[in-house]
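Presented sequentially are two complexes of subunit A, the first with subunit B as partner and the second with subunit C.
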Partner chain A sequence: MGRQIYEAVVDGILVGGVYGLMAVGLTLIFGVLDIINIAQGILVILGAYLSYALSVHLHIDLFLGLLLTVPAMFVIGVAIYWAFMRPLRGRERTSMSLLASYAVAIIIEGILYWIFSPNYVQLNAWYVISSVRVFGFYLPYIYLFGFALAVALVVVLYMILYRTRFGRSVRATMQDQTASRLIGIDVNRVAAVTFGIGVAVTAVGGMVYGATSGGFNPNSGYDLISRLLAIIILGGLGSIGGALAAAVFMITLESLVSIWSPNWAIVVFYAALVLVLTVRPSGLFGRQGVRLQ
Partner chain B sequence: MHPTRDQAPGGPPAGASHDPALVIEGLVCGYGGGDVLHDVSLSVPAGAITCVVGPNGAGKSTLLATISGLLRPKRGTIKLHGESLAGKSPRQILDMGLVHVQQNHSLFRDMTVRENVELGGYILRDHALLLRRRGYVEEMFPQVAQWAGQKAGSLSGGQQRLVEFARCLMLDPSLVLLDEPSMGLSPKVLRTVFDAARLMNAQGKTILLVEQNARAGLRLSAHGIVLENGRVRLTGSGREILEHPEIGALYLGGAVTRASGPAPGDGGGAPGAAH
Partner chain C sequence: MTPAAMTGPDPVTATGLLRRAAAWRGGGALVLLAAVALFPLVFTNALVTTIGVDTLIFVAAAAAWNIFSGYSGYISLGHAVFFGSGAYTVGIAARDWQLTGNSVFALLPLAAVVAAVVAVPFGLVALRVRRHTFVVVTIAVFFIFQLMAFNFSFTGGTTGVSSPFLAWNPGTYNDPFYYLALAIGVGTVGLSWLIRGSRFGLQLRAIRDDEDRARGLGVRTMRVKLAAFVISAFVTGLLGGLWFYFISQVLPQSGFDPQFDLSVALIAFFGGLGTVSGPVLGALVLIPAQQYLTEQFTNDYLSQIVLGSLFLGVILLLPRGVIPTSSEKITSWRARRSGRLAAAGAAGGAAAGAAGREDPR
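Right after this comes the complex of A and B.
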């Protein structure tokens, strides 16, 4: 029993790190643009399929393939921004963005069904199959590699945000758009690039998800987006640290509960969300909903 | 002439230049609904402080937003030192030497004071120049240098104004738009903020000031413009507008003619060059 708990916690932290990366992309987009990108879930699946195509057809290693899929997802993100999000203006943009990005999700899902069929597939590589003994029990290598990569990318994102001129312009735009325009920041460009970065991380999330989830199909995006939304709301919309902490917390909680009942695991996930929001409506790390005015 | 307090920086350079810094003709502008500005024409003399007064909702902030490129005018021309601003982005207008300090507090609250000041020079690509400018600005506003490590959001309203002033000077602008810098400040803090505006002016910056506190604003200014319902109602020297009977009754709380001396607690009275 104690051993199971211990395993569930390790598992939760490792998988939670990867969810954290995907959630950071989502919360960053919200922080800068006041947009909730419902398509984030299906974009993760698109990222997984890109890795799948590269690995099955071109025999490119999953991690090496990220060198192609991450830039590809960045470009797709920027394109989605220009076509669907940029036209949204004014007070209703947050709620309108739910509709617009839902439309994007449906379109991508349709295309994926058409190309890949509804059959479940899984990503494969030696590190998905073979396991390593860590902390006293066996885990496929992919959990460790995926976690390490997610952590490294979150650190890179942090460095970009807090150490670069571009990062400063992103943080300024998150706090006050008009003031940012008045000091010469091109907020449209910041928004497009931020959306691109927020989507680019789904390439990594998708690859790890595709290798660890035991199979995915174009319908898997819904399960993902509901978790990701719960995570960023719990972490406080727009808060990067919050998204990371909430991801690890929620996924660990889920894996703990599933020791007793896998069916209850997902219920507890949302129960925890409702509970925390009752006590702290702005989420664990939120700033009293400043972003929603 | 009223005796003035220790006016360290001295008054603005009197009649520094003859060409106006800014000329606006036939400006019409709005937010998509009805027009807010109707056929506004005015000019802002170089080297002096010009104050726009008028009731709430007259369109003063809209006027400044149109000048700085936040809003696109429907009709009319705006020329800065003879060059048209038509079709220019806020960024390009900054490049031309015009900065705008908004009415609402506009510091990036979660960043430090120093980061805020440096962001004033965001468009400067030359890091050495940025540091030089920061040194110059912090010399001009030593308090701002003292708060460098604090979060901007933790400062009081008056302190935030000074940081906003410091930030806007990072580009060494020739024309500064100030939208109601006194809003929400106590009379004592207001004086500090107005002193800072005067100091900027003494450093050669032309200032276009919008003030709800019309009396104090006009006293500080060489020139005044009364804006009413999106139209220019009256222009003249600061003093002429202060002493105009009708305007006095409408915006200055009446009885201006008798109260033309500096009110107790008022900073420096009319600056030297006000007439």
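Right after this comes the complex of A and C.
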């Protein structure tokens, strides 16, 4: 029993790191644009299918393929922003963005069903099949590689946000859009690039998800987005550190409960969110300002 | 021009315009109601009346959703929780109490009550957070309910619950459902109209416009929001029960269906969020259109893509919905026309301008 718990915790932290990366993209988009991108879940699946197509048809290694899929997802993200999110104006902008991105998700889901059929597929490579002994039990290499890559990318995102001029303008826009515009920040460009970055991380998340989840199809997007939303709400909307902490906490909790019952693990996952919100309506690390809109 | 307006003292004044608009609305509603009531007598084809029942269920569901989400501005994407709870309630009750035949319809109020009871703890938790967090919490609660329906044994797991057999004439099988759905729809729209004009409705709309200021002015926001949520859930649960007998089976993914959540929101947005007639118009246009598309494209995915594009188009082109946009256009056209008529002397233009700012209904 003790050994099972130990395994579940290690597993939860490794998978949680990857969820953390996907959630950071989502929470960054919210922080800068006040947009909740419901399409994030299906975009992860789109990223996974892009990796799948590259590896099956062109025999490109999954990690190498990221050099193509990450820029591709960035462009898709910017395009979605320009075409569907930028025109939304007014008081109900956040609610409207939710519905608009939900519609985008439905369209992408339909297209993916059409091209790839509802059959489950899985990403394959030597590091998905062969295992390595870590902390006393066996895990496929992909868990370690994926976690390492996710951590590296989160560090890169932090560096961009806190060490570059662009990052400073992103943070300024998060704090006060009008003031940022007044001091000469091109808020529209910042918004488009932020949306692009937030979507680009789904290429990485999708690749690791596709290799570790034991099969995915276009419908998997719903499961992903509901988890990601729960994570960013728990972490406090717009809080990057909060999203990371909440991702590791929630996924570890889920993998602990699934020792006892895999069926109820996901219920506990959402119940944890509801419980936390009854005590702290702004989430674990939420700013009060976020709660007051 | 209606007789009421003709006999009015001055058709160009604001009161004249308002009275005329009210007469048009009342007349239009009566004509529509008569047409809908006669519909199954003209079209007896079961395929057509099935679409009719679906449409009427969504008329009522969208109107009920609008009573909470439209008036308060809190967008709920979790109303399928109440729909599914209603369906499962009547299903489980009929199965465990071994009710058969027409007596099962006596269970419908129970479906509504159970959904309303579910709404109380749901609302107490979810309504503590503000708008966009609320949307996400409703999605989370929705998934909890769907997963519970899958996992518990009394819900029948993945096989769901089947309804008792109704030994009715197959030719007119749909008609009782049609008129029941129509009655619920008319009742809900009437309730929505009453609430909109009441003190309660004004409090809800004050919350939508500025919740902090509403609280400052003495509105008990939590109580008002929760009351609207429970009323909305009550009707949705009732519809869930009716839908269950109509479909004669409920599965976790059909009772707690994410498409239901999205459809009611789409209908209300299309017609006009927070208006009385918007959800009715939205359902009357969109549900038959959607059914038609599904029949036209044998490719299921293509109809999904078309539905998504339609939704996106509505949000981008008609962000406030058909009813508010068109009523704005009509009032501005009237104001221009009456401005021309009154250009000689009367200052009717200003009055008509004031009428133009009336909230669309």
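The criterion applied here is as follows: the second predicted complex is superposed on the first by the 290 of 293 C-alpha atoms of A that agree within 3 Å, B and C clash if a C-alpha of one lies under 4 Å from a C-alpha of the other, contacts with A are read in each partner's own complex, and residues count from 1 in each chain.
Methods note: a contact is a pair of C-beta atoms (placed from the backbone, for glycine too) under 8 Å apart; a residue touches a chain by one contact, two chains touch by 3 or more.
Small disclaimer: the values here were computed from a predicted structure and weren't measured.
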Subunit C versus subunit B on the shared subunit A, clash or fit after superposition: fit
Touching partner for A:Ser169 - first (subunit B), second (subunit C), both, neither: first
Of subunit B and subunit C, the chain that contacts the larger number of subunit A residues: C
Which of subunit B and subunit C A:Leu88 touches, first, second, both or neither: second
First, second, both or neither for A:Gly184, with subunit B first and subunit C second: first
Which of subunit B and subunit C A:Asn119 touches, first, second, both or neither: neither
First (subunit B), second (subunit C), both or neither touched by A:Tyr270: second
Arrangement angle, subunit B at one end, subunit C at the other, subunit A at the vertex (C-alpha, nearest 10°): 80
Least Cα gap, in Å, left between subunit B and subunit C after the two complexes are fitted on chain A: 11
Residues of subunit A at both interfaces, subunit B in one complex, subunit C in the other: none
Complex interface listing, subunit A residues touching subunit B: 165, 168-169, 171-172, 175-176, 178-179, 181-186
Residues of subunit C defined as touching subunit A within the complex: 73, 75, 77, 125, 128-133, 135-137, 139-141, 143-144, 147-148, 150-151, 212, 258, 262, 265-266, 269, 273, 299-302, 304-305, 307-309, 311-312, 315-316, 319
Interfacial residue positions of subunit A with respect to subunit C in the complex: 36, 84, 87-90, 92, 94-96, 98-100, 102-107, 109-111, 113-114, 222, 226, 229-230, 233, 237, 263-264, 266-267, 270-271, 273-274, 277-278, 281-283, 291-293
Residues of subunit B that touch subunit A when the two form their complex: 68, 70, 89-91, 94-95, 99-100, 102, 106-111, 115, 119-120, 122-123, 167
